[in-house]
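A, B, C and D label the chains in the order they appear, each numbered from 1.
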Amino acid sequence: MATQPVSENRSLNEECGIFGVWGHQSAADLTYYGLHALQHRGQEGAGIVANKQGRLWQERGLGLLSDVFSDPSRLQHLQGQSAIGHVRYATAGSGGIENIQPLMVNFSDMQLSLAHNGNITNALSLRRSLEQNGAIFQSSSDTEVLLHLIRRSSAPTFYDKLKDALRTVRGGFAFLLLTPTAMYAALDPHGFRPFVVGQMPDGQYIVTSETAALNAVGATFIRDVQPGELITIDQHGLKIDHYTTNTDLHIDAMEYIYFARPDSDIYGVNVHTARKRMGRLLAAEQPVEADLVVGVPNSSLSAAMGFAEAAGLPNEMGLVKNQYIARTFIEPTQERRERAVRMKLSAVPSVVAGKRVVLVDDSIVRGTTSKFIVWMLREAGASEVHIRIASPAFKYPSFYGVDMQTTEELLAANYSMTEMQEMLGVDSLAFLSVDGLVEAIDLPYEGNGTGLTTAYFDGHYPSPIYDYEPTLADAKADGLVDFQPEPTTTYHPNQVASLQKQQLQDAQTVG
Amino acid sequence: MATQPVSENRSLNEECGIFGVWGHQSAADLTYYGLHALQHRGQEGAGIVANKQGRLWQERGLGLLSDVFSDPSRLQHLQGQSAIGHVRYATAGSGGIENIQPLMVNFSDMQLSLAHNGNITNALSLRRSLEQNGAIFQSSSDTEVLLHLIRRSSAPTFYDKLKDALRTVRGGFAFLLLTPTAMYAALDPHGFRPFVVGQMPDGQYIVTSETAALNAVGATFIRDVQPGELITIDQHGLKIDHYTTNTDLHIDAMEYIYFARPDSDIYGVNVHTARKRMGRLLAAEQPVEADLVVGVPNSSLSAAMGFAEAAGLPNEMGLVKNQYIARTFIEPTQERRERAVRMKLSAVPSVVAGKRVVLVDDSIVRGTTSKFIVWMLREAGASEVHIRIASPAFKYPSFYGVDMQTTEELLAANYSMTEMQEMLGVDSLAFLSVDGLVEAIDLPYEGNGTGLTTAYFDGHYPSPIYDYEPTLADAKADGLVDFQPEPTTTYHPNQVASLQKQQLQDAQTVG
Amino acid sequence: MATQPVSENRSLNEECGIFGVWGHQSAADLTYYGLHALQHRGQEGAGIVANKQGRLWQERGLGLLSDVFSDPSRLQHLQGQSAIGHVRYATAGSGGIENIQPLMVNFSDMQLSLAHNGNITNALSLRRSLEQNGAIFQSSSDTEVLLHLIRRSSAPTFYDKLKDALRTVRGGFAFLLLTPTAMYAALDPHGFRPFVVGQMPDGQYIVTSETAALNAVGATFIRDVQPGELITIDQHGLKIDHYTTNTDLHIDAMEYIYFARPDSDIYGVNVHTARKRMGRLLAAEQPVEADLVVGVPNSSLSAAMGFAEAAGLPNEMGLVKNQYIARTFIEPTQERRERAVRMKLSAVPSVVAGKRVVLVDDSIVRGTTSKFIVWMLREAGASEVHIRIASPAFKYPSFYGVDMQTTEELLAANYSMTEMQEMLGVDSLAFLSVDGLVEAIDLPYEGNGTGLTTAYFDGHYPSPIYDYEPTLADAKADGLVDFQPEPTTTYHPNQVASLQKQQLQDAQTVG
Amino acid sequence: MATQPVSENRSLNEECGIFGVWGHQSAADLTYYGLHALQHRGQEGAGIVANKQGRLWQERGLGLLSDVFSDPSRLQHLQGQSAIGHVRYATAGSGGIENIQPLMVNFSDMQLSLAHNGNITNALSLRRSLEQNGAIFQSSSDTEVLLHLIRRSSAPTFYDKLKDALRTVRGGFAFLLLTPTAMYAALDPHGFRPFVVGQMPDGQYIVTSETAALNAVGATFIRDVQPGELITIDQHGLKIDHYTTNTDLHIDAMEYIYFARPDSDIYGVNVHTARKRMGRLLAAEQPVEADLVVGVPNSSLSAAMGFAEAAGLPNEMGLVKNQYIARTFIEPTQERRERAVRMKLSAVPSVVAGKRVVLVDDSIVRGTTSKFIVWMLREAGASEVHIRIASPAFKYPSFYGVDMQTTEELLAANYSMTEMQEMLGVDSLAFLSVDGLVEAIDLPYEGNGTGLTTAYFDGHYPSPIYDYEPTLADAKADGLVDFQPEPTTTYHPNQVASLQKQQLQDAQTVG
């Protein structure tokens, strides 16, 4: 009998979160508090690297931040003037300590540390090419590729080597690098991931994944990192440069729908407000006769507020979330799955009994949890249950930093609306439209397109996906995807087209 | 440098939670899941005693349930057909493992285990009397008194000894006892604590603190345990008896306001619904010109919903709670206190900036957290902040199972409304009236009075408080309390009137 | 698969060790170092109670001293001017934390702590009697009886209550008691256990089980505690008193043979020197033609030295002991038993191959380890193996503080010399005579008898054994024991004659 | 206050121990038991890599073997048919988990694991050269160099790459490599480290550091690995090859004196027997008038036996070693040092008081422990203390796998015999001669020279020491060393002569 933390049953996994601060006397402590505010972006591992009197020191471990640093001496070891940190989501099979970031290497002439949020789509090709040239990889993380590219670049300076390496990797990435003399931040050319710069009251700079982490440490928001930027922070202050100008904003819409905290702003849009608008527009697009609205706590509470207000229905607490960490013990799978949901969520009979309930959820991925929630509401006496999803149907795989690289398990990719309605056991089912989503987010973007990546919903991928093409080819063969990427300038020679899907899964890690 | 879990900064501490099941093959597992649903009632310790082939086995430890049972072998050791469990809140100084319940004693002729939720008001007198007669107490818990009273009773049978002991203790208590041959449940004559009976689909009986725990294990609610009842569950089924008929319901109003889960029903009233009504009535009693309503998550969200609906204002997520366990490291006290709040709560600038905010909270005890929340909202740009408290002002000490036995730290006991408004830094401050509270709870009770204990707010104590009289005398001397208890029939001879306050604090433990 | 520390395979278990110091500013640290020197007397639990500014504080845990105190804050918690400590051997089934000593009780009028080395032979009777009068025992340890006897004594002062209690218990015991105002040491009327007083260079007094612990902390030996003494150490210095003068020295011979450290002196006799003399006399009594002598490390090295010198044979390292803690994983029992021995001991082929070996061991209890050692020596090529045991054959049960209360597992109690020789697979087998043992120890005692308890070997028990009489009756029925105890003055009325053996085993704990 | 295991105070640190087995169904378990028998060779870390169905799995950690594998699931994870393991001694600053062996790398086309006992003298040069060519090192261990050399070799097959790499490294090394298809063992051309092949009763091959590990698992000794050999063990059995024939046996004499277990045989010589002969010859070379002989337990007991027998003096247990792990808490350094010795060793007053003692020790390195032992013997009443060291004076640094690379702390390198005698506080001091040492070991070697490395004592280094030359140059400048290495054939081009000593110390790790 072994324990299994219930959080693993999450249907769609977040990506990673990163935080860095330069020149502050409590750098590691601030990083700890900042990472705590980003814990929702990764619960499987955490680490901090700090610069203490010209040397980098690393502490990292498996599990939640508070577990990794439960021994206070670990933070004490990291006292110094600058630090970067990482919280991590790990795919199955990649859970070893060697993959926990920030990665750190000790060259005889310099020390370098690296934290990454995203997914490098040509990592496998690059790794094979590097190994054929004698490189030894210690981790199975795609992140390590960048270190080898920097090390092997023939450019004259570290800064040029870094630019060289950034131009070689593909996909979605926000990188933080720390050396004894500077901190660097770089964002991919499409800006798939949120990445912001802030400033402490005394002027020290912070770069991190979400503005919520700035609030958590008492810092002020300065600006979003822009696609293609390479930012240097050192004793001379902050310098903004570009490693490429061939950029095109495509921030991942899932950040607004699901990943980011409601109190974060991304490119000027507050996430809670966007979610509430998704709920409002959903109520307008897909009205329903009902007695009350119930949101799935906690992620769907904003959308439920918006839906209830627009529909003129009372918003009730028909589902209650247990705020304590749940652990189930091994039971036959189905029983355990139900147990896990029951330990996290309870339906409230005295609220829903005899009532027609609109259940508002932010998304449906596999549908297993939704199905059980519906069952619990009916068990508690709800007379009707109507699901309204505050985002479009999730039909296509993702390759830019989300753990959903095949469509096999996606409910909406495999079943019709009628089939889904039946499988979930609901009286009606409806999704927000893609246009509604774009309108709800209302990104103040003036370039071509929407500035958003909505590939999950419409199959339009904004950039080539390199090593994942065989995967996507499978999806295309199933008639799912109409992929027409825009051309990009700097293809890498090692691009391969015929990798086996299994190999990809073996080697792949989301950072 | 040492770590401090942030949860200790809670301004008012919950009491304990208990759960017992008889005759089920997964008794210990059910107890674990039930206690998980009651974790909000006590986070400092947890334990389970199970009856395995006629012998009782105990596992207990300090910390959260999931920590105590993180080693799965601990639950495995408890396999058997019946079990009782306990989650515990511990006052400072009483945190030793020997106080963690269920307590267990091995007599040469029987085994007995005991779990308790409440506070025995004559425990200190009884303990002194027992010690003078040679008793040795191992714990500092008031709960152990009952074991000695049972053991020393001259009644002929265990059942009669138990009744004898129950008639001797005073105060608020819900007891669960487990022997190798039966489980017993007893509630105090005023029914201060919630206590319910449920049934598993296959008929096995459960007795526990809240209906939420019944839902969590898939059991059906049968009835509330009534004041003065002694219930026996054994191989012959369930037997309801009374150890006294001199009863008078006075369920603690704080259970509805703050302690119980929103999905629990107490004496037929759903807690979320009662809270929402508190919010509605508060909006009617204390209206305010404002742009939006913000509830303090998570405990005040129901009241905020009610307030917003009644006031016709949008209910917004202007405060976000971090769902992960926070740990602060030792810093100068004020800094650490703020850090602790910041790690739990964030104000959302893009929601509240430039807005007149109604901040709805369930209660104010010391006011320190409220003050900092107001400060965060202003820092985030709120133009006005109006606090509306969905319960009356908390002015009097409590002796029936809540950790607030002096008025020294109670904000409302020591300052006028104007002073409080200034201290909290708000534009206005208002509380729900006691009448509004009673109306919102709307208890279907047909006896004398309201069926509620509202002593916190009005100083009317429904029963003598024995060993705490000196404490109360202090409060009276300050002109705070107009205490006129009704007479009760079975006074205990050991009642003492002149104990020193300090001694009381040393010896006192809330179960 | 679970781990099993190899040390559990020890054939005869040591008793407990105790250490106390009064008035020293590093009292807890000294106690820690003293207990470390006594670790051989008990490895299953350890604890220290210290007097810190008038209050007693306790730290205790399961396992080795270094494990229990691996967190340095545990010792820090115990800073104060006096302390007592205990290392414990626990019988199966009594391994709970509640049995770990020093025991501590908090009465409303005083605090008291107790550490015990020995075995109270009328503990079960006393416990039953006390329970019938309402006492509640928390531990299953026989030690707790003394606390209840003190508490219930009708004598006027604590000191008189203590004397009263000491006169009521029977068997072998060395007690250390600590209160906020004094430390007390008491030894049973036969002096079964070693117990010594020492003094630090600055004059502070220490009382402990062995002189080795005095050496370990840099203290000087002052005197052996005498049978029947009650010693008080407080701010006025050291006071020697007697709670009884009906005394008769019978120090346990096994302390010299096996339990005590070779560097300890007991009643003026150095243990190593006594063992070496046992080896010399054994060589004289039981000569053998051989090439070399091999002692079983570490306990038999002194005896082997003596045997080799007397026999004129080379003393060789034919068996090597691994100095690191061994842990075996669960395997079929016989395999695991062999594995456990192999992990602790290795035979050295290049030393013993082709040689006639005299294997010197201190004792044979069950014979299983000896049998395997013989097998290893033969596997390593020894041409002959002759066992010489440096103590008499162990045939009778022990009741004064050693874990061997039945004769079922005693090899010598159940088999003839010829049978044993065959079972062990040796070319010859011989034991030291009882007279030889007494001569080797050479106790400077001038009373009646030898001053030694040799009941293991000859069945002469120096005092009634109360609750164990049924056990002994079984042994007598088998024709093993010729028990004729001397009369003693103060029989206890609760003595019972017909207890079942199983009950005894359940309730019995060696301290 | 932090704890410090006393074992760190060891004056001369052992090297590492390695163990490998091929084709046995309990491969990981055997490796565990084998490493347990080698624990004396390294206590700071342990690890095992096993081949389970064609994939290598690694478990490793800091601390003793029994700590690293205290969770039995770690061994369970390693079930498979072959395994290699390592126990490690780590120099200060190199204690990270990434340095714990066996190292493991996952190439996209193969897996490789490596365990190393020794010290590569040109590791720093090689590492710099490799890094300049783009290599990234994860560990600071010299062992990792071999992996990069294999990976970057241009030879066509893995076997040829391995030979290439073995020909490039210099110094003392015994390597075990495991791939999914074979196990390899290689010894340096001078055979500095012991390395033996054994066989299980069912024919499976084992290669390990000492024969004691063969005994521990029930295996039979087959042969010593010879200098320059490369042995392959796979499904076809055992194949012996040479990667070089330019070999010259120089087994480290310290293995006989101090490092190896007394029950091991090295090149046919039993270690206990050699030590006993060292004691005999020492008694002949350096006789002394005395009453008794006392050996320092445990390492010097063999030599003391030999001395006592040759001198005709009684061998007594005047010093007793505590067999339990000692931990001291932080105290002022000198006090703590003494405390650490006291916790490990006690002098026995009743043995030594008034006696002239010959204290036999195996070696003197820094002399601090010896000095304190002498002091303890005098405190215990010894009238005279004469030290006799059963090896020559230790004057020169070591570079082939022992942690003593400077002479700064070597007592004998810095003081005359008279000075040492005074510093130690002894009545006389004498060492065994180098000739006596060679005669005592009596190696059955028929090549040039003695077959032994005695550089510690005479400064004759059998091979160039490459990166350590600056260190040695310092020693030469002090007039200590008359280094004239024999020429060797295959110099490496990267040899550097002017490295700074500090850099060397930073980078250096003994495997």
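Note that in this section a contact is a pair of C-beta atoms (placed from the backbone, for glycine too) under 8 Å apart; a residue touches a chain by one contact, two chains touch by 3 or more.
Nothing here was measured: the structure is a model prediction, and the numbers come from that model.
Looking at chain A and chain B, no chain is in contact with each of them.
Most remote from chain B, judged by the distance between CA-atom centroids, is D. Bringing chain B onto chain D by least-squares fit of CA atoms involves turning it by 180°, to the nearest 5. Counting C-beta pairs in contact across C-D and across B-C shows that the higher total falls to C-D. Averaging Cα coordinates per chain places chain B and chain D 62 Å apart. Chain B and chain C have centres, each the mean of its CA atoms, that are 50 Å apart. Chain C and chain D have Cα centroids separated by 39 Å. Listed in rising order, the residues of chain C touching chain B in the complex are 97-98, 105-109, 127-128, 131, 133-138, 140, 147-148, 151-152, 507. The touching residues of chain B, when paired with chain A in their complex, are 1-3, 29, 33, 36-37, 39-40, 43, 64-66, 69-70, 72-73, 75-76, 212, 215-216, 218, 261-263, 265, 270, 272-273, 276, 298, 301-302, 305, 309, 314-317, 320, 322-327, 329, 339, 342-343, 346-351, 380.
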